[in-house]
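Just so it is clear, A, B, C and D label the chains in written order, and each chain counts residues from 1 on its own.
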Amino acid sequence: MKGKARLKTAEEYVECLRKLKLRVYFFGQKIENPTEFPLTKPSQNSVALTFSLAHDPRYSDLMTATSHLTGERINRFTHIPQSSEDLVKKVKMLRLLGQKTGACFQRCVGMDALIALSSVTYELDQKFGTQYYERFNNFLRYVQHDDLVCNGAMTDVKGDRGLRPSKQEDQDLYVRIVEKRTDGIVVRGAKAHQTGATNSHEIIVMPTLAMREDEKDFALSFSTPSDAEGILHIIGRQPNDTRKLEPGEIDVGNATYGVAGHESLVVFDDVFVPWNRVFMCGEYDFSGLLVERFASYHRQNYGGCKTGVGDVLIGAAATIAEYNGVQDASHIKDKITEMVHLNETMYACGIACLHEGCRLPSGTYYVNSLLANSTKQNVTRFPFEMARLALDITGGLAGTLPSEMDLKNPEVGKYVEKYLKGAARVPTEHRMRMIRLIENMVLGAGMIESLHGAGSSQAQRIAILRQAELETKKKLSKDLAGIKENIEN
Amino acid sequence: MKGKARLKTAEEYVECLRKLKLRVYFFGQKIENPTEFPLTKPSQNSVALTFSLAHDPRYSDLMTATSHLTGERINRFTHIPQSSEDLVKKVKMLRLLGQKTGACFQRCVGMDALIALSSVTYELDQKFGTQYYERFNNFLRYVQHDDLVCNGAMTDVKGDRGLRPSKQEDQDLYVRIVEKRTDGIVVRGAKAHQTGATNSHEIIVMPTLAMREDEKDFALSFSTPSDAEGILHIIGRQPNDTRKLEPGEIDVGNATYGVAGHESLVVFDDVFVPWNRVFMCGEYDFSGLLVERFASYHRQNYGGCKTGVGDVLIGAAATIAEYNGVQDASHIKDKITEMVHLNETMYACGIACLHEGCRLPSGTYYVNSLLANSTKQNVTRFPFEMARLALDITGGLAGTLPSEMDLKNPEVGKYVEKYLKGAARVPTEHRMRMIRLIENMVLGAGMIESLHGAGSSQAQRIAILRQAELETKKKLSKDLAGIKENIEN
Amino acid sequence: MKGKARLKTAEEYVECLRKLKLRVYFFGQKIENPTEFPLTKPSQNSVALTFSLAHDPRYSDLMTATSHLTGERINRFTHIPQSSEDLVKKVKMLRLLGQKTGACFQRCVGMDALIALSSVTYELDQKFGTQYYERFNNFLRYVQHDDLVCNGAMTDVKGDRGLRPSKQEDQDLYVRIVEKRTDGIVVRGAKAHQTGATNSHEIIVMPTLAMREDEKDFALSFSTPSDAEGILHIIGRQPNDTRKLEPGEIDVGNATYGVAGHESLVVFDDVFVPWNRVFMCGEYDFSGLLVERFASYHRQNYGGCKTGVGDVLIGAAATIAEYNGVQDASHIKDKITEMVHLNETMYACGIACLHEGCRLPSGTYYVNSLLANSTKQNVTRFPFEMARLALDITGGLAGTLPSEMDLKNPEVGKYVEKYLKGAARVPTEHRMRMIRLIENMVLGAGMIESLHGAGSSQAQRIAILRQAELETKKKLSKDLAGIKENIEN
Amino acid sequence: MKGKARLKTAEEYVECLRKLKLRVYFFGQKIENPTEFPLTKPSQNSVALTFSLAHDPRYSDLMTATSHLTGERINRFTHIPQSSEDLVKKVKMLRLLGQKTGACFQRCVGMDALIALSSVTYELDQKFGTQYYERFNNFLRYVQHDDLVCNGAMTDVKGDRGLRPSKQEDQDLYVRIVEKRTDGIVVRGAKAHQTGATNSHEIIVMPTLAMREDEKDFALSFSTPSDAEGILHIIGRQPNDTRKLEPGEIDVGNATYGVAGHESLVVFDDVFVPWNRVFMCGEYDFSGLLVERFASYHRQNYGGCKTGVGDVLIGAAATIAEYNGVQDASHIKDKITEMVHLNETMYACGIACLHEGCRLPSGTYYVNSLLANSTKQNVTRFPFEMARLALDITGGLAGTLPSEMDLKNPEVGKYVEKYLKGAARVPTEHRMRMIRLIENMVLGAGMIESLHGAGSSQAQRIAILRQAELETKKKLSKDLAGIKENIEN
């Protein structure tokens, strides 16, 4: 960490990624040069945009922040929010990136891991007299200085969900400490659904749920380079993934960013982590707190990124309506109105999370966790209805459109051109492009992420009920109904 | 206006109301002493609470504000918001009052009329060189000084909704100027659904829609005392209204506040208004702006008051579940969770309206109108689902519970007592009280207000589509689909 | 039972009711002449219509049937279905009556009690060698011959729903046998929500859930005259119930039929029942079967009656749209379309229940219970959305309309007349009548009945899951996924 | 047509298909042997199942029928329904096939074209004295005798949907007659989204909407062999289509049937049709009737096929819940219950369509068109909610599961095996297979077909409103509200 922190350019980011010795598999094959692999290139482009927009004066207020550690200008994705304004700018930055990519840009998971750890390590130290906070801040300085991309790895593979971690037949189904050494620890296990892990420099591991006393070995948080020895990435499949490997660009829908991030199963096959990167090690009674903090920050985000993506889908629906010649039909306008309404409701929830948030002991600013959970709960529903409406407006061609190769084929291309024309002034190719964008958005991996990103819908419901302050509300109702409680005694 | 402004007490408010010479009809009869009339007493109590809470140190931060005109401490219901913080406090104050009353407390309509006029009169003067702003500020000083309750009267009776105002057979179906005199104007017409009009000192009239050049006489705004000569109030019926006239208190559900405000049809039978109370007079091209400003402020409110009322209903549902002995059933907990989620979504929308709001030329702070409309749109839906869930939890007794009089009857009371007992430790009377509260909330006038307050659902949809910035969104989608527009030309 | 069975006229029905010595309480007072009591007159009119329509040649095919016991022409409300066609005609009859009354006509509960007992008593005898079936058929002959109205009494008051019947502090919270005598039994307890009980000649009691071995005294079914010694009726309150006691007729909404039936809490204060009216007495392992049979038949019904009521509401919404002058607005047409769609979906479910029904050992035809439960489940939802849409179309006047007395008042009536006019050609009174009809339908007791009639929503969900044949469905999915189960072993 | 009709076997069907000289393109390439092309093989297997199940004694009652023309046993897919029982069996047959394939089996479109033409040609002749009915019956005999698969081709490509057919810049955007000759006609145009066209022997063309007098050339119906000169098929893309071309079988989800049919754009490049295959030629005033008949029959179907597919999805959701170890969680059971409820509601609508259907002049039995439209309207919604629930239950792996090739890779397969294990007793491969089935069902072409098959959602809404009998319903409401219409005059 020499010299001042500087904001990387997109090119520098890719260059830096290229130097990693990642072990990446896809489709039963080792990917020799992940930064050039066409299947992951689009998701990498999305991450790269978090760098290039930080250099764009129009967006620098949203995309950058001032480090509370160093006072230097840093990418907001490495920033720990110090105020409610920071929380709002975070959501607005995410909406902006959703609008620009129409996809998942992956860098927020690591950001939220940093933010969550910034307060939990502090509180750990307060209770146990440990040194986690200092370690963490050293790590954070490094991340900020080098403008690194971190992957936040929480979700264990979990095995049988009906059993606690310690009751699984295979003890490795939750990431755990297999050895404590003087210089560090050795960990084993796997994290599932790791969005953007292969586009990241660091992997920040956190526990997946509140551990109990007999589960200390799973109460574990640390960071490790994504190419550390023993780490293996197996990239998961997504709908239409191999279209990215085809010639042409139309059928991908969103050739540059690819409508989703990439997830990998990250295997930790006895990976060594030095002590200065260990942020929790056995303090099981803080594992639930770390999960809750991370989840709350991360659930707020969805009111940003998914509304940005929603803006793209609304725009696409409005465009295809025009291309189809039906933009003035009242039912079409009503469907677009509904999409806008649902989208803005998600956004409103996201930005509202700052209210009744609070400053934590470490100085980190916390979201209103109840509203953050409601935000995400809406994201498990509204994008599905928006997708259905967009499909409705698009028409059946979303499922029957010939390929780009047919359009370009000398023999049949003319028929495609002639018969798939909509409004006369619009080139058939434009119509095909827009339909492909919509198809890939509404039947793509993004839908699954809306549902399962930042935890399942049930996880949010449990959080909502827990924070509902029912006793206070019961009291309100009893007061109005004229019920004096002492009568009951 | 002698001396300093002071915050009225609830008693002073009622005393001051009593002095008005209101002409009020209900049920075909003239109400001689409206302040003592049992049917309207509860809604008057709700308004009175806006005074008494302002004296409660726990709530004074929300309930009061500093006048931007005089620097004096005033009730927030007479305050013109000068910052986004003011807009949030407004919503929080409304939630608080919703929680305390479980009802409509009516005073926000006049507040929003004041707020909307504060900017529109300024802009009118800017364009036409008129003196409306000064007149308005003089009026506002009077309202703030005397801590008055204003009714905001926008909705004309409208006649045939398929015809413009000027095309109605009867020209009086929109409030209009029938005579201009040197000392003032004479107006005729009627305003429908005037919430709290009989609990108000002043009636602030605004046009109901954007008027056209040939509709200048309807482009009209003014204030008048609610007991001015020519003004007649006919109170509308509500579900279960006459229960308030019955002996006993249980069957009303919410004996103190009565679960709703009161609406009257306010008839202006050639009412004289002096020029110093006229705030718009023929400037038709500003009528739409006034409607939009008022509607946006008012639609935000519903994210406050209705979530406060929602808190009561959630509390009531949780309480009755307990009284019925089913509080631990998973489907019951799930229904309560859903109610909380819907309620918090409405609240989130309400407070989010401050973001991307702006300061208007007059200095008044404006809400984000798109989000304000989405807020209200959700309020046309979620309270209905919440009501359905609350009824579900309550059980069939919501529709079959015997009367309080049966409970107290010496002959049959013992059977009611014995057979309508739920959980053994809970007195039957408590269970009956809670069921009555729920019945009156979910099948009461409050539901209609959720739907139609601050304009119909379609009005919001039109506003949402108009503010959707579809062109920007289309551009986003074309960029990602790889469509270069100039190809089309 | 002399002579042939004959179809009573409406007048004969009322005359026959008048002779009963019912003990009825409402509002803390004994009702001396229930057949003339204005509050219950409308619901009695609805029952009476089941008699008069049976004499109308246009409807006799639906309203009457041929007794399988005697071959005589009887009212279908006393008929035991012998074929799937009978099940369809039952639903169509109910839709017809819903259309004609806009209300609950109450007679189907007793009909379903008869139908359920017709098969269960047979199966009881098969197993236990008892004589219930013959007793039941004798009773049925009497009901058919005298064209009687039966009340089907299932729902016990239940006390703490978290405890089994035998665990309640008060053992009387489920109707039970308190004494067995040579000539009959003595019963004690109360049944809640008894729709139409005061308009019935007989009360047929059934258990409310599947009883266990230690709950034999609750496994009880019998019939008793509704005025037997020891029976007491306490009529429950409904929204706007006392409007029926007011002068005038408009504000009731549906002056003739009153938009709902009447429910009473029926108390059995040690009532004697002779053995020939006892249909189950301790055979606890058949109590669940009786509940299930009754519930399935009764849940099908809602696809009939509630769609008839829905037809009225759709018609009312279409009419008020016209009266308001907005019948051609696209959003109005869309809302009406949605109402029709929801209504027809409920109806389709109701009539579909005949498919995959079956003939039971007694010859009685049984509905498809899975579809019957889905039918009712939809009725717990769709009428609420229809109500919301109807309110939306109606406008705010649903909650603010002045009373009929104001309309007729010499002083203010002219203002009501003038200012509440909608489309010029429609009399104000017509508009008021239609709004009142809608108000009373959408915020009335009918909504609660949609939710809780024939058991709570959760009861249906349990039944749906139990009948879902998940194992078969799992097999289908495994076959397609290429999963060979034996690999697992 | 020598000898008696006989039911083809699946093998005979494929053999017969192989002899066709279809011109098929996919992905910019001519498919030389469509019957062996791996991408279309699964959809062909689905059609083949309609043959093999007809030979299975368990299903022959549903799968076969007696020809009303010849009295011979025929496949029900070539049968004209003569009774309401036929309409129910049709739906049940479709549910069965949906259960067995989890996909679209394509043969119902042609069946419905035959059924619709059977009545419309009769009525055409009645009015115009033409010979269409005899021609049609000759064709039908041929289809029944040879057990042929027909494609029903209705949807024109339509160009600018805001313009009538005759106003399009390119007159070929609706299929039309370009030449009438003594021996037949020459047609040009294209039909979009032709499900199963490449698996069919005949293509039956119908107009896409009600034509007007100046659009006679588009009022056209005929049949032609699918390999007639001038016919070109361009197969449309679907999500994950090329997975069928990959090695392995797991990732396809449903390797045998492929979760959807195949659609092609069928181009008619001046195709000659002899007169004996022309069933409508210029009788524009019957074009709307043909569309309505076809659409009504076809919309009913979705209550069959989609509930069969729904059964598979429910089974898959229940299975994956078990594999994940969460089958007993109350929220999981509740979600499965909801899926069952929605599915059975669709089914109930489908079978209910027979009620209030009628016999048409030709003897063909007609569905209740209002209910048929409501059926399909539900299918535009419920499968989306079912998909969302199934995804919810499945978990995030639906979007992140590694490929079959990774599972089988010697180096990383062991990690996939170890870390993607759910409940210990279930092989990882089983879990992967089930997740892949769900992924491909809920994010596949089947969703688009649920929305757009048999016409768009708006088409159904228009049909629903048109058949709503609003005048009758208005009358019902006026009667109850006490409105005497003549007062208005």
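General observations
The rule is short, and it goes like this: a residue touches a chain if its C-beta (ideal position, glycine included) is under 8 Å from a C-beta of that chain, and two chains touch if they have at least 3 such contacts.
Keep in mind that what you see is a predicted model, and the values were worked out from it rather than measured.
Distance from the centre of subunit A peaks at C, each centre being the average of the chain's Cα atoms. Rounded to a whole number, the gap between the C-alpha centres of subunit C and subunit D is 40 angstrom. Between the CA-based centres of subunit B and subunit D the separation comes to 51 Å, rounded to the whole angstrom. Among the residues of subunit C, those touching two or more other chains are numbered 331, 334, 461.
Chain contact topology: the protein chains form a complete graph, every chain touching every other one. Residues 25-30, 155, 157, 159-163, 168-170, 172-173, 189-190, 192-193, 232, 234-240, 242-243, 246, 251, 260, 263-265, 267, 269, 324-329, 331, 380-381, 384-385, 387-388, 391-392, 395-406, 408-409, 411-412, 415-416, 418-424, 439, 443-445, 447-449, 451-453, 456-458, 461 of subunit B are the ones touching subunit C in the complex. Contact residues of subunit C toward subunit D in the complex are 88, 99-102, 249-250, 253-257, 311-316, 318-319, 322, 333-334, 336-337, 340-341, 344-345, 347-349, 351-353, 355, 370-371, 374-375, 377-378, 425-427, 430, 433-434, 436-437, 461, 464-465, 468, 470, 472-478, 480-483, 487-488. Every residue of subunit B that touches subunit D in the complex is listed here, in rising order: 330-331, 334.
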